[in-house]
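Below are structures written as structure tokens.
First chain A sits with chain B, and in the next complex the same chain sits with chain C.
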Partner chain A sequence: MSSVLIKNESRLGLKLVAPAVGIIGLLVIYPILFNLYLSFFDVQLNGSKTFVGLDNYTELLGNPRYYHSIGVSIIYLIGTVVGTTVLGLAAAILMNQTFRFRNLARGLILLPYFAPVISVVFGWQFIFDPVNGIYNHVVVDVLHLTNERENLIGNPDSALFVVILFDIWKHFPIAYLLFLAKLQSVPKDLYEAAAIDGQNPWGRFWHVTLPELKFVIATVVLLRVIWNLNRFEDVYLLAPNVETLPIFTYYQAFAGIVDQGAAAAISVIQLLVLVGLIWLYVRKVLKW
Partner chain B sequence: MMNKRTPLQSVILYALVLALVIFCVFPFLQILSTSLKHPIDWGNPSLIPRILHLDAYKELLGLMPPKEIDVPASIQRLLDNPALSAEKKQMLLAKFSSGGDVFPFGRYMLNTFVISFITGICSTFLASLAAYAIARLRFPAQSLMANGVLFVYMVGGVLLMVPLYQMSVNVGLASSAGGTIFSLFLIYLIQTLPVAMYMLGNYFRTIPFSLEEAAMMDGCSRVEAFWRIIMPLSKPMLFTVFIYCFVIAWNEYLFASVFLKQYQDFQTLPLALQTLFTSKNAIWDRIMAASMLTLLPVVICFMLANKHLSGGLTDGGVKG
Partner chain C sequence: MSSVILRNINKSYGNLPIVKNLNLDVKDGEFVVLVGPSGCGKSTTLRMVAGLEDITQGDIQIGNKTINDLPPHKRNIAMVFQNYALYPHMSVRENIVFGLKKSGADAATIKQRLTDVSEMLKLNEYLDRKPADLSGGQRQRVAMGRALARDADVYLFDEPLSNLDAKLRHHMRTEIARIQHQYNMTAIYVTHDQIEAMTLGDRVVVMRDGIVEQVGTPMDIYLQPTNTFVATFIGSPAMNLIEAKLEGEELVFDQYRIPAAKIANVDMHSLSAHDTVLVGIRPDFFEDSALSSPSDNLFEFNDIQVDLVENLGFDKEILFKLGGEDAKARLDLRSHVKRQEHISLSVDLNRVLLFDTSTQGMLLNAGEV
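Up next is the complex of A and B:
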């Protein structure tokens, strides 16, 4: 190709990416830097700021609520990541079998993933409603496990587990899709060879399926951690009393005694952790 | 050899599939069932309502007959006075009608639809330009941009809410309703652009380059080749990406709550539903009916786009 053509091509390329990259630069990259700047100020909702140096950070590191929310976030992350990965893998193996109505079943189990959070949280709230909910009906009236109806979502400790279950329900389909795509590409002869070697289904899972899926499992786990570190709506709308990091940040920034500088400081620290995880993802999991 | 199942294995398989499907679908059935139940029926654990109760839907869709307005006799005499202008009479009547009590569901739905639709169109369009460039053209900083897209998509909205809010305050957009909606639109654009670029980029790479080459040999310019060959070929994927962006905007709550709190007339469904739920007690039927109506467009979109959506999401596995 002549140099004129190359020049024309690169000019066109830049022209085409300019609008998208411009918007992303203005509304993602710049805000990240602006956030760092804001974290050194006392910031009001109306935009007025006073420089306070590192005060936001020192106050934050001395705030027990911050550590509490980190703890809640860690439990949330472990529960949801393990749950979605295991259920997603199980569902993928199940849906990889041949049976009647398989396409219907495959479509139905994707529903939770696509449904608007705002709609389904009300369904879940009703299920765990202390007065009308089916959960209390089954536990108290049918199984007689306890005598008193409990408000699982009202109590932050138990609500954390409802929120974890909700996240597993809502997000295992994406893990399932990733696993299923990979499972379908595992050569059949590998299973046949393993069967001839005398492996039972469990052995075939252990010696063929898992090693083949290793890479996808790592992808799913890391992506779940990255996404759930910032998960806001699924937690806040179902149980606003479960204070994971994003919810703690939201309360700092927009509710009660507003302290946007502190919220900015939390975001800066969280972003550093996130960048580390993304780096790990790009380096180890995604080979560009 | 492995395809043959004993009857017991078949039973276990179907039982497991059924259990999984019920687990996934049950909350939806619960929403549907409660939306159709009369309040006296809420405590009934069965999913099937004893009596079909459609009032909640009727009320949300504005099909309820207007309530009789109780007007005190003295006011009625004022209203009968021909000297009073029609406008004044309306104002007087409004004070006694319970119009403020009605949840303007249609309005919220329209708000949500408009902003989601515009977001979907703009995002798909801008993303297709950028994705084509990244997938097909050589230009400086190309791989940096390809990787940057992925990074940007993983930075969640929570990390950006403070700076974005402060930026819109500083620029003055947050002080008017129009400016606020514009800010929100821009924010939805950046929440959808990276994933749209990623999905379209992957798709464009699967189209054989020889097609464009042939077109360019026939005298098309690069831009014409893109516009006349690549875009029409990508229609199903463009539609899928549009739906995906539409649904992201349709579902968004965090930024809507930050920006639209004081502009009640312009609120979107997620925010309005949350406000309705927290402001009043025991209105399960209306909440569930509203949830059902919010859910429906998404489920329809999802059915339309399902085939490509599953593939588009898993190629490279970005969204979680």
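Up next is the complex of A and C:
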């Protein structure tokens, strides 16, 4: 192509993406920059600001609650990401077999993902209710595993695991969907070739399925990390006593002693972590 | 290496029969080609030997051991797939040694085999590449290498050359024949290409609609096809079949009267029971009468009008009408016939075959039926 044509084409390309860039700039870039700006101020609710330099950051880094919430977030991330990936993969492999009513089953699996958070959260709270919940009924009254009814959601330590379970249940369908789509595109003769080469079903999974899914697994893991690093509503609605990073940030910004500057500082640090993860996704995963 | 025996094999999907009562013995070190039009059950038969399809009924033995219910990974077979089925995440080297490693070969053997195979198939410079970086022909060679590297009892080929261009296909055909002889492999090869069947097979199995129509050496099948299907399927251009009336001891069509007694292997007594027969003449057996040396077994079709001449270099194919049907003759370059010319074609009556008009079976003398 001649250089004039290339120039014209790139000019047209710029014009075409300009509106999108403008909207993203307004809705994303501006709040990010404003947030960065706020993190250097002591912000009052009436809007008055005092410049405090790096005070918000030093205060935050000296706050044990901050480190506690990082710890909670790490457990939450590992639990949910591993859980959704493994459960999603297992469901996808199962649903890739042929059996009666497979299409119905494939659809039903997606239900938790489509259900509105608030309604299923209430459902889960009823399940774990210490007095009337089915969980305590089954464990204490029916199976007699313990004598004491436990308030699993009321206790922050056990609530963390309920929250992790809830997230796995609610979000494994998206992992399942991505895995199933890829599984269906794996050529059947690869499995046949592996069988001819002496591989039993487990060997075929290991040498054909897993390598074929490598890219999708990496995508699922990284996307889930990015999403769950920011996950707020599921955790806050089900068990507000589980202080993951977003919940901690919320308490800093809008509850008790309101400190929007400190909250902004947390967001900035979290943004840096996220940018690192997104960079990893773009540079590594998308390149495979 | 091992023999393969198929006994009364039936295969059906639901109520749809795919392979019907198939019997076949493949001897140790023999190269058997299954050939037939698509849907004839040849690939299904191969896949049953591999264990990739269940057998509805019957027995399959490899090396005198019944393997009906043995899964493919326990059968010790090697197979080349039509679409190669190379492992995309493995290098050429890893692809080739994958099955060998699994079979428990020691490192020295693996290295030796890899060297042998990659030299034989000229893959040395590609060993570190991934399949995605190879051309179709190179992938095909890797697929061959992966099978040949194995020390398998039986080697199975499922239309391995059908995705290659004509030149490469010819080259690989020669390579396969050479390697098979060199290693004395027991091999079953599926193809719809009759040239591959003729050139590769020690024996050829012609199939149609799940039934074996004929088993024999390539020359048996070419010269003595059991019925019109085999006769027209094997050989290119296809055999001309002309319906002729039987008048006394003569076969009559157009203005021609062929003395039936001069046709080889024909029992005049049983022939006399027919009103009409199909006369089969291969295009290859026509000669330009102007060039043929006289012989008393030669029959001359005079006053043939040439409708079309297709020059193929050494050969030319002549299209004309015989018994009201399109017929073809293959003449060599010494003949200078032109379109619309009237010529005479001769045929050696020893090469002419007769078929039953209703059963389509070949008519032989009583002793040979």
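We adopt the following convention: the second predicted complex is superposed on the first by the 265 of 288 C-alpha atoms of A that agree within 3 Å, B and C clash if a C-alpha of one lies under 4 Å from a C-alpha of the other, contacts with A are read in each partner's own complex, and residues count from 1 in each chain.
Here is the rule we go by: a residue touches a chain if its C-beta (ideal position, glycine included) is under 8 Å from a C-beta of that chain, and two chains touch if they have at least 3 such contacts.
Keep in mind that this is a model prediction, so the values were computed, not measured.
*Asks:* After the superposition on A, what does A:P211 contact: first (chain B), second (chain C), both or neither?
*Replies:* The second partner, chain C, only.
*Asks:* Tell me which partner A:A253 touches in the superposition: chain B (first), chain C (second), both or neither.
*Replies:* Touch partner of A:A253: chain B, not chain C.
*Asks:* Does the superposition put A:L177 against chain B (first), chain C (second), both, or neither?
*Replies:* First partner only.
*Asks:* Which partner does A:P112 contact after superposing on A: first (chain B), second (chain C), both, neither?
*Replies:* A:P112 sits against chain B, while chain C stays out of touch.
*Asks:* After the superposition on A, what does A:A195 contact: first (chain B), second (chain C), both or neither?
*Replies:* After superposition on chain A, A:A195 lies in contact with both partners, chain B and chain C.
*Asks:* Classify the contacts of A:P187 with the two partner chains as first (chain B alone), second (chain C alone), both, or neither.
*Replies:* In the superposition, A:P187 touches chain C alone.
*Asks:* Between chain B and chain C, whom does A:N56 touch in the aligned arrangement: first, second, both, or neither?
*Replies:* A:N56: touches no partner chain.
*Asks:* Of chain B and chain C, which one touches more residues of chain A?
*Replies:* Comparing chain B with chain C, the partner touching more chain A residues is B.
*Asks:* Once the structures are superposed on A, label A:G203 by its partner contacts, choosing first (chain B), second (chain C), both or neither.
*Replies:* In the superposed model, A:G203 contacts chain C only, not chain B.
*Asks:* Considering only the contact definition stated at the top, list the common interface residues of chain A for chain B and chain C.
*Replies:* Correct list for chain A: 192, 195.
*Asks:* Show me the residue ranges of chain C that touch chain A in the complex, using the header's touch definition.
*Replies:* Listed in rising order, the residues are 50-52, 71-74, 76-79, 81, 83, 85-89, 98-99, 102-103, 146, 150.
*Asks:* If we count contacts the way the header does, which residues on chain A are in touch with chain B in the complex?
*Replies:* 6, 8-14, 16-17, 19-21, 23-24, 27-32, 34-35, 38, 43, 45-47, 91, 94-95, 97-99, 105, 107-112, 114-120, 122-124, 126-127, 129, 131-132, 134, 137-138, 169, 171, 173-175, 177-178, 181, 191-192, 195, 216, 219-220, 223-224, 226-227, 229-233, 236-237, 246, 249-250, 253-254, 260, 263-264, 267, 270-271, 274, 278, 281-282, 286, 288
*Asks:* Could you list, by residue number, the parts of chain A that touch chain C in their complex?
*Replies:* Within the complex, chain A touches chain C at residues 187, 189-190, 192-200, 203, 207-208, 211-212, 214.
*Asks:* Within their complex, state which residues of chain B touch chain A.
*Replies:* Residue list for chain B touching chain A: 1-3, 10, 13-14, 16-17, 20-21, 23-28, 30-31, 34, 42-43, 45, 126-127, 129-130, 132-134, 137-140, 142-143, 145-152, 154-167, 169-170, 186-187, 189-190, 193-194, 197, 222-223, 247, 250-251, 253-254, 257-258, 269-270, 273-274, 277, 284, 287-288, 291-292, 294-295, 298-299, 302-303, 306, 310, 313-314, 316-320.
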